[in-house]
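Below you will find the structure I want to go over with you.
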């Protein structure tokens, strides 16, 4: 019996070894293939987001490596990187499970073993920190598409670029929007007296991301003359958010601001609804409020909720490219593009442009062109002014959107309400869904 | 002096094991020159780190037989002391690390005292509880960067701050700790405390009748364990150059530490090392390989879990227990 | 006013925690094992409710018995398949084993259902809430509370009034003695796991009415369940009940106090901290928990 | 001044009085037996003296020192060794290691401790089993190792809890011889619980009898053997067994 066990263990160990053999050595690089390492949370608690990101990146890859003339953006015509004799890009995905340490190890693997030209990722700001630190150490360029912690581009890194706007921009958007609300700039809503929306309460999840957003909210609120009547940091892993919700309700705020991942976002909506909370404005900071699961799980309970995002399918009305690509995406993965998948798309797109401009995979060359790279607005699916990095590596042309979930006969649409000139529908105000 | 002789004296192991360990040490020393890829290197570093943790846990958890599931808090203490001191006052690693260990010791005595009034599962859960409490405090404590965590300033290659651009340095750095750990444990298992702990584990009443202050012995062992783990924590700080409560004080880390030692074989010198040698590569390679495959999502953990259950069910003494059964000696 | 509201909400949560912990404490009481996989049992209960209510298109409440059945099955399988062997080993091996079981079930769920968040959208209770005067209570939680009461009465009845119960208690007090008395302790263990499974399965089924369903969801509850059982005293039914409610109240009322005192130091960010702290303090002064017995 | 003196010792467990107002004293160098039917409170009395239980009333004075309510390890350090009715055997330590742990009480160095331990085992004629694990030994030997372990702490008073239980007649013989030697050669005062009268009578100089938690008799063995109350206590028990 025991012998048998010992043997079977041995066998198992050997089997492991054999299985892993090919994966430790790393696949030998084929000619005319440019490897980009992509580190996302593909398993673990954030796998839902990870899958979304991955879909975005893979679609972009397909669009780049194959011919989609109808899309009308340049990478769709390239079939690879023209300046590199049509070399194809190959994405190598790795799963960081939201653990910074693991992320760093994977970055090393991709850089040293897979010999990737550059890195992409990592969604979690905390992981992006360690990964970018590794990239910096080895002098490998990294383009980050979806981590929004402001500090990331304030560390004077030489090999780190970020296409997405960060939380300061987004939060600023929110307050611009609220200001606009008081000035009657919002489509379909006449000027709201400031007193009516002065009281703000926020609940931010208590890791890197949430706590930094909380700080920004506090500071912006001062600038724009709103009072923060309640600020809560909570654990996204908490089994129930009754307490938090109560604290929010108890403060009787006019605006409730959330910085949540998906599970806690869902929980908040459910709990607040059961408490019949009645704020006038409910705003979510992307992530949880924006992943398809949010809408899918909560149905019409989200009617009237605002979420900051960077991509809304409705963008198609103002952006041709977005429409076609979104259609393609939906055909393939069944959901609309989201901020996550959209930004993953753009990140890879940016990689393509950078490589093309550089005309080589040499880091130095990439670093050089990245400095003066400019991708015009019409190339992007994002409603941005384009992609242009300042010397900190931050894309200065990125802007946020604020969307509002609106239930229209059974299905829930996400309508643009900010920027005001892009508004695709009248805003629902005040928020009454949970009454 | 005698203690040092004891530490280097492996003579009570069968010859074959001594040879085996010798070869293993040579392998470890030569590893960076075996042309292994850097991920292999990273995994190796993790392996050494977790062996260190496991050896520490083994004092209280293995020899003392106390199911301790709160070691992560000491990883945190070790890591944070180094990080905070380096960020705020630019204090070198070699000053902050010992300080971290001291703090860990102090803290362990502080909570060890009430903690060891408890027995069995009450104790186990209590250790988890204390660890979680400390984590919550760090998550909300702005001085140590709260949930944001701390990024250490990148200083290039420096032995003073123990920062390197090449993992080989880190490798030998942790290897040194590892070997020191092995020697210490080799001394410990033959020390007065070591025997007293095993006696307590067998029969606490009997132990007391032999003039052993069981509670005090446990506290001492607990403190030693904490010191070990804190050292490992200090390494994490300078290795990852970024720490946050989530990554260095998480419950799963505590469980991981105990898990590896138990799986390898608690209350034995090689046990924790074997446990780490199996679980770490398994975890990292399965993760990095299957993690990339949509359709196989979760399989890596299932394999992982299956192995754990198998061992727990059929070899409660851990893998090393099998060997010990064959050779009929425990060490 | 706010305080009163918090208090009521707390009690409701408390009932839920108690219900979830019930199974854990039964199992422990009979065989001194802490089941790490308890949260995963809960999770699978939730999935059962979800899948059935979707596939059969029935109200999730109807599926409760089936959730219980699945829970029982799960309990039996894990007892005969794993725990039976674990019993021979020391406590560490037991924790190790159930921890493995936890990982396994969790990622089995990932494998089977993927990592999407699911939520039951329609059903008698879903999204309903009960308004009594100024208080708004989630309908499901109210039902949870009632069911939790029922569960506890039934279980205590079984354990303290029936012959099986006597056998169970005998086994829990002294295994050998019980077996001399001709009690099949093997079967008693299995029974304990079945009962544990049923209760937690039903809890899952209920939870599914207002909670999102997700492979990792068990993790959120298992720690609370541990704290509850440990605080109440391992193996004590009564203990689990009161400890559950106590914890519920603690974690909801504590932050509100902070709110009333207008201080941010006392706030939701510490609600779990206070629970663990409470547990720690209680056991330090009362090493058997509130209602536990000497081991 | 008495060597060990117990004054009006009382211990009750939630109403059940296990020891009721028990007083006696032991002189240095004596061999004293403590007998009584099952549940007479013999072991409880031991535990109160060594400190596993804190007496609810009364005092324990050892060599002029009030050790009432001391912790077991403190009384042990004071020179009181004891053995247990059953040894909890585990594959964790070998016989010699068990004894070493005892020796460690006054010995820091391992090598020294091991030497002492082997001496003690030799004294008891257990050299042969020194390096075997307790689980590999028969019950009788295990108990002897337990005795050796207690001896290793160099006690002045040795309290033995049913050393002879579970031993066959010949083994019992051996044990009695051994106890005599310990007493003679090491000059240790012995205080032994025995359930079976036949064992205590030959060696003890004084016998104390408990029944239902109270001391019913005290005196030299031959007196005790003919004491009415004692006989009744035992007969009573025999009847009880019969029913």
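All chains are identified by letter, namely A, B, C and D, in their written order; residue positions are counted from 1 within each chain.
Keep this in mind: contacts are C-beta pairs under 8 Å (C-beta built on N, C-alpha and C of every residue); 3 or more make two chains touch, one makes a residue touch a chain.
Remember, it's a predicted structure, so these values are computed and weren't measured experimentally.
Enquirer: Going by the touch criterion stated earlier, list every chain that contacts chain B and also contacts chain D.
Expert: Per touch definition, common to chain B and chain D: zero chains.
Enquirer: Quick check for you: compute each chain's CA centroid and the global CA centroid, then name the chain with the smallest gap between them.
Expert: Given all protein C-alpha atoms shown, the central chain works out to be B.
Enquirer: By CA centroid distance, what chain is farthest from chain B?
Expert: D
Enquirer: Check B-C against A-C and say which one is joined by more contacting C-beta pairs.
Expert: B-C
Enquirer: Can you compute the centre-to-centre distance for chain B and chain C, using the mean CA position of each chain? Integer Å is fine.
Expert: It comes to 32 Å between the two C-alpha centres.
Enquirer: Averaged over CA atoms, how far is the centre of chain A from the centre of chain C? Could you give it in whole Å?
Expert: Those two chain centres are 36 Å apart.
Enquirer: Could you put a whole-Å number on the gap between the CA centroids of chain A and chain D?
Expert: So the centre of chain A lies 74 Å away from the centre of chain D.
Enquirer: Starting from the mean Cα coordinates of chain C and chain D, work out the distance between those two points in Å.
Expert: 47
Enquirer: Any chance you could list the residues of chain A touching two or more other chains?
Expert: Those would be 43, 47, 51, 206, 233, 235.
Enquirer: Mark out which residues of chain B touch at least two other chains, giving numbers and ranges.
Expert: In chain B, residues 139-140, 297-298, 300, 307, 314 touch at least two other chains, as defined above.
Enquirer: At least two partner chains per residue is the criterion; list those residues in chain C.
Expert: 110, 115, 269, 272
Enquirer: Which chains are in touch, pair by pair?
Expert: Applying the touch rule to all chain pairs gives A-B, A-C, B-C, B-D.
Enquirer: Would you mind writing out the residues of chain D in touch with chain B in their complex?
Expert: Within the complex, chain D contacts chain B at residues 50, 52, 71-73, 76-77, 81-82, 84, 87-88, 90-93, 97-98, 100-102, 104-105, 108-110, 113, 133, 146, 149-150, 152-153.
Enquirer: Tell me, which parts of chain B touch chain D in their complex?
Expert: Listed in rising order, the residues of chain B that touch chain D are 2, 6, 190-192, 195-196, 198-199, 201-203, 205-214, 267, 330.
Enquirer: Okay, in this complex, where on chain C does chain A touch?
Expert: Residues 2, 5-6, 9-10, 13, 110, 115-119, 121, 127, 129, 131, 136-139, 141, 210-212, 214, 216, 219-221, 224, 251-252, 254-256, 259, 264, 267-269, 271-272.
Enquirer: In the complex of these two chains, what residues of chain A are touching chain B?
Expert: 1-2, 5-6, 9, 12-13, 16, 19-20, 23-26, 42-43, 47, 51, 54, 92-95, 97, 99-102, 104-106, 108-109, 111-113, 126, 129-130, 133, 136-138, 155, 206-208, 210-212, 233, 235
Enquirer: Okay, in this complex, where on chain C does chain B touch?
Expert: 28, 32, 34, 82, 85-86, 88-97, 99-104, 106-111, 114-115, 215, 223, 226-227, 230, 234, 269-270, 272-273, 276-277, 279-280, 283-284, 287-289, 292, 295
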